[in-house]
Amino acid sequence: MVNTLLEFRRARDWEQFHTVRNVATALSVEAAELLEHFVWSSDEQASHILEEHRAAITAEVADIAILLAYLTHDLSIDLQAVVSEKITANERKYPLEKSYGSNKKYTDLRRLLNLLQTD
Amino acid sequence: MVNTLLEFRRARDWEQFHTVRNVATALSVEAAELLEHFVWSSDEQASHILEEHRAAITAEVADIAILLAYLTHDLSIDLQAVVSEKITANERKYPLEKSYGSNKKYTDLRRLLNLLQTD
Amino acid sequence: MVNTLLEFRRARDWEQFHTVRNVATALSVEAAELLEHFVWSSDEQASHILEEHRAAITAEVADIAILLAYLTHDLSIDLQAVVSEKITANERKYPLEKSYGSNKKYTDLRRLLNLLQTD
Amino acid sequence: MVNTLLEFRRARDWEQFHTVRNVATALSVEAAELLEHFVWSSDEQASHILEEHRAAITAEVADIAILLAYLTHDLSIDLQAVVSEKITANERKYPLEKSYGSNKKYTDLRRLLNLLQTD
């Protein structure tokens, strides 16, 4: 799959446009296009939207996956390895006894960081 | 890898927070955190930033990959298949003779759509 | 207010970093920081978060307003005028009888555009 | 202007869709639509795009301003006051002698925060 993507890009001489910054920008834009499907809905409506927009939502997910594949390739990232490390880090950060059934700790850490940032 | 992620989530009873809408929101937020590294830089500075921030940038890419993995699982998407379809669609949309060395057509299509949208 | 912002920027010789592209990128990043507060919450939790994070949320809104002020200035946009035009356009796009109590039409237009885009 | 926006919303019974979370999501999506204009361009191309897309870019800025106006109203934020506070805070955070002609300090603070976050 990655080879096909690289060949697609090479054949069009598009490597020149694929700076990491530009691919990161595109990824952010595609993520927003995914999010846009849910933009004015309540939690309850969101699940209906999911069904009605399934084809378009799936296409957005494909776009994100493609950009992530370029990014991972261009940065020579071993995705398997860094995701494993991240999971290990998250296990320390969210120990079972403190995080079971709660989205609180995460929120609190963010809040602390936000306070630091907005200081 | 996906199994470890699913187990991580199940063990914390976090499936309740992982609606598709919430995961899509998180993905958008993580994509912005990646982009943030390049926010005030010129093209030239961007490549230096890439080197200086490599560890943090790699960690953001891992976060995005994790959220994409959850999304793909929760939507029962066959990523291999939809990316293949997308590549085929993109080959039609960007024929070699019109798109070689140019980011123009893409931009023009967007422009048309933007005009429609802002009508 | 705008004058203070312009003076702040001029005094630091930061105009060179404030290309429209960079300010637009920063605005996108700040909007994500605002959104981040609600990232894993349900509709119900969102209103509690609103109270608990009020100071940080207000600070994010200020950041967005500052970037919008720079953007408006740098693009010589008459904000009052373009917002008026936009409201007029939206009144045509969402006539009362079709849009009362419904977020549907909007969604449907988007869907059509998404289908075109993902074609 | 704000009154016209509030009346537009009230007339359509759209207050129910305008939770702070939803407006923040919409703002994030609109910011991405603005950013999208510059997505694959170099710094040099960005200024041409600015001219060619001026009408659409202006319309995106109007959308962002409208959402910011709703947000500010709904959160009862005194924008003038919070922006003033923010400028004062930024003057402390970026003293002239350390920040003149440099986007470094900002980047370094972010880096530190990112390291904390990705720990």
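A few remarks follow.
For clarity, chains are labelled A, B, C and D in written order, and residue numbers in each chain start from 1.
Simple rule for what comes next: a contact is a pair of C-beta atoms (placed from the backbone, for glycine too) under 8 Å apart; a residue touches a chain by one contact, two chains touch by 3 or more.
Keep in mind it's a predicted model, so treat the numbers as computed, not measured.
Copies subunit A and subunit C of the same chain sequence form an interface built mainly from equivalent positions, shared numbers / all numbers used being over half. In this assembly, the C-alpha centroid of subunit B lies 21 Å from the C-alpha centroid of subunit D. Between the CA-based centres of subunit C and subunit D the separation comes to 5 Å, rounded to the whole angstrom.
With touch defined as above, residues shared between interfaces to two or more other chains in subunit B number as follows: 17, 25, 28, 31-33, 35-38, 40-41, 43, 59, 103, 118.
Chain-to-chain contact here is organised exhaustively, every possible pair of chains being in touch. Partner subunit C is touched in their complex by these residues of subunit B: 17, 22, 25-26, 28-29, 31-33, 35-36, 38-41, 89, 93, 109, 113, 116-119.
On subunit A, the positions that touch subunit C within their shared complex are 25, 28, 32-33, 36-37, 40-43, 45, 49, 52-53, 55-56, 59-60, 103, 106-107, 110-111, 114-115, 117-118.
Residues 1, 4-5, 8, 11-14, 16-17, 19-21, 24-25, 27-28, 30-32, 34-35, 37-38, 41, 43, 46-47, 50, 54, 57-59, 61-66, 68-69, 71-72, 75, 77, 79-80, 82-87, 90-91, 94, 96, 99-101, 103 of subunit C touch subunit D in their complex.
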